[in-house]
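Got a structure here, written out as structure tokens. Questions coming.
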């Protein structure tokens, strides 16, 4: 289990997520925040799809990356900001159904670098299927003008 | 240099890109198509940003992934479809400026798997800066119901 | 749980591992084989280290890649061969201690592509610490001259 | 072009490479060092192979990772050490022939993080073929006991 350094971590994470205007554009919302873990839900809809009618891999990445990034931020000290250094995603199955859920969790939290992983599930009625797995490296930013969360 | 198998490759790539509804949502358009290479341009705008006002890494990935995928498709036989198996992206600098350009090119085209790389530049007035590099693995789909490009 | 297609999967995996001469060079051995999962152990020793005295990231990758590859092979039909298309590894902590253990497991087994993940732990006396995580994409080869496992 | 901060960069890189005992084990040597770029050569030999007689993907990774890491170190200040945070490698073709050459070059050098890419070629008589491409993230370590290069 991870211990947050900032007791106010949940409010901070939700506030920062609220500033990600892209989430409103694609129709995503943050459903759960715990120390070192977050969940983001996305309704499957035509305006976020690729040519075969599945959610575009980049949009699947958008929610998985934010799920990882906010899992990381939840463990960072107050006043710090989070940036993604890199990520890798494997698309395991077409992202189709009613909605997607990206669950991110911290694998290792360092002072400077945090590694997190996310799993994205497609939910179709009662059925759940893993459609993607991501591993991301996040950077803790401290004392940078304009980069706080 | 790559030799396309389908003489109609450019029209096919552009037609398929035109079916990626997410591109209209984010404001991206395909600017160049050559055998084994494509370019996608994206205007930087508030509705695709993350919490610090930069374009979200997932949206940068969206154009880089499609630039790779369509670079791959341009070399595939007529009737084939393309799917992304996985990609990895490194974010080198904040994605800010007037617009982004993702240039994808095929590194190796196999019968079943194609590897492509993309570079994303941010253009701000006269200045160009590389903000991300991606490596992607694409799958050639043949004879699958509903999956053609 | 994964169901092997080849009842002889364990013997086949161990026989193929026995042909990986690099494993003798570095001092690795396969300890466990189950359907969709394998474990490889490696004694930490000076001849596999980098400049700070830790096991080189490439050697950590060697056992993690084989743990993933053989987890994949364990689910493939008899006569098939396995090749790694790509992998990504995050090094979480220096690979030091008495020995390393790489545990690979299949995340999704497809006809053509299998995705597997590995975790590498460093064991130092009674202490265990995760030092690396890998995600790999493996290809099933069928009917290729000289490429069977 | 990259400007080294340490005028003694080449000697420092070669000295550190000389301490990577794994390189002697596998039969690799550093052939070129320039600011932000290095080349490592590896003779193909039975003791570094996998089950089909090709050089093991992990050994290909070993030289590619060091080519990236030392390309990064060549641009770091005197007294700093380099560690690999993560890398991703795509294996494009079987690693066979007379020898392999991994050429690493820095894509972006930051104060804390450096991104580098490597290409690995297999040389067989007069023929050269790209067999792998890697992207790596390297960390600059300063002021850590025992971690200098």
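Side notes on the structure shown:
When the chains are written out, they are named A, B, C and D in that same order, and each has its own residue count from 1.
Everything that follows uses one rule, which is that a residue touches a chain if its C-beta (ideal position, glycine included) is under 8 Å from a C-beta of that chain, and two chains touch if they have at least 3 such contacts.
Not measured: the values here are computed from a predicted model.
The minimum number of touch steps separating chain B from chain D is 1.
Both copies, chain B and chain C, contribute mostly matching positions to the interface they share, with over half of the numbers common to the two.
Across the two interfaces under comparison, A-D and A-B, the one joined by more C-beta contacts turns out to be A-B. Centre to centre, using the average C-alpha position, chain A and chain B are separated by 22 Å.
Measuring from the averaged C-alpha position of chain A to that of chain D gives a distance of 32 Å. Chain contacts: chain A has residues 85-86, 88, 90, 115, 137 touching two or more partner chains. Of all residues in chain C, those touching chain B in their complex are 85-86, 88, 112-113, 115, 135, 137, 139. Those residues of chain B whose C-beta lies close enough to touch chain A in the complex are 16-17, 19-22, 24-26, 46-52, 56-59, 61-66, 81, 83-91, 146-147, 149. Contact residues on chain A toward chain C in their complex (touch as defined above): 88, 90, 92-93, 107-108, 115, 117, 130, 133, 135, 137.
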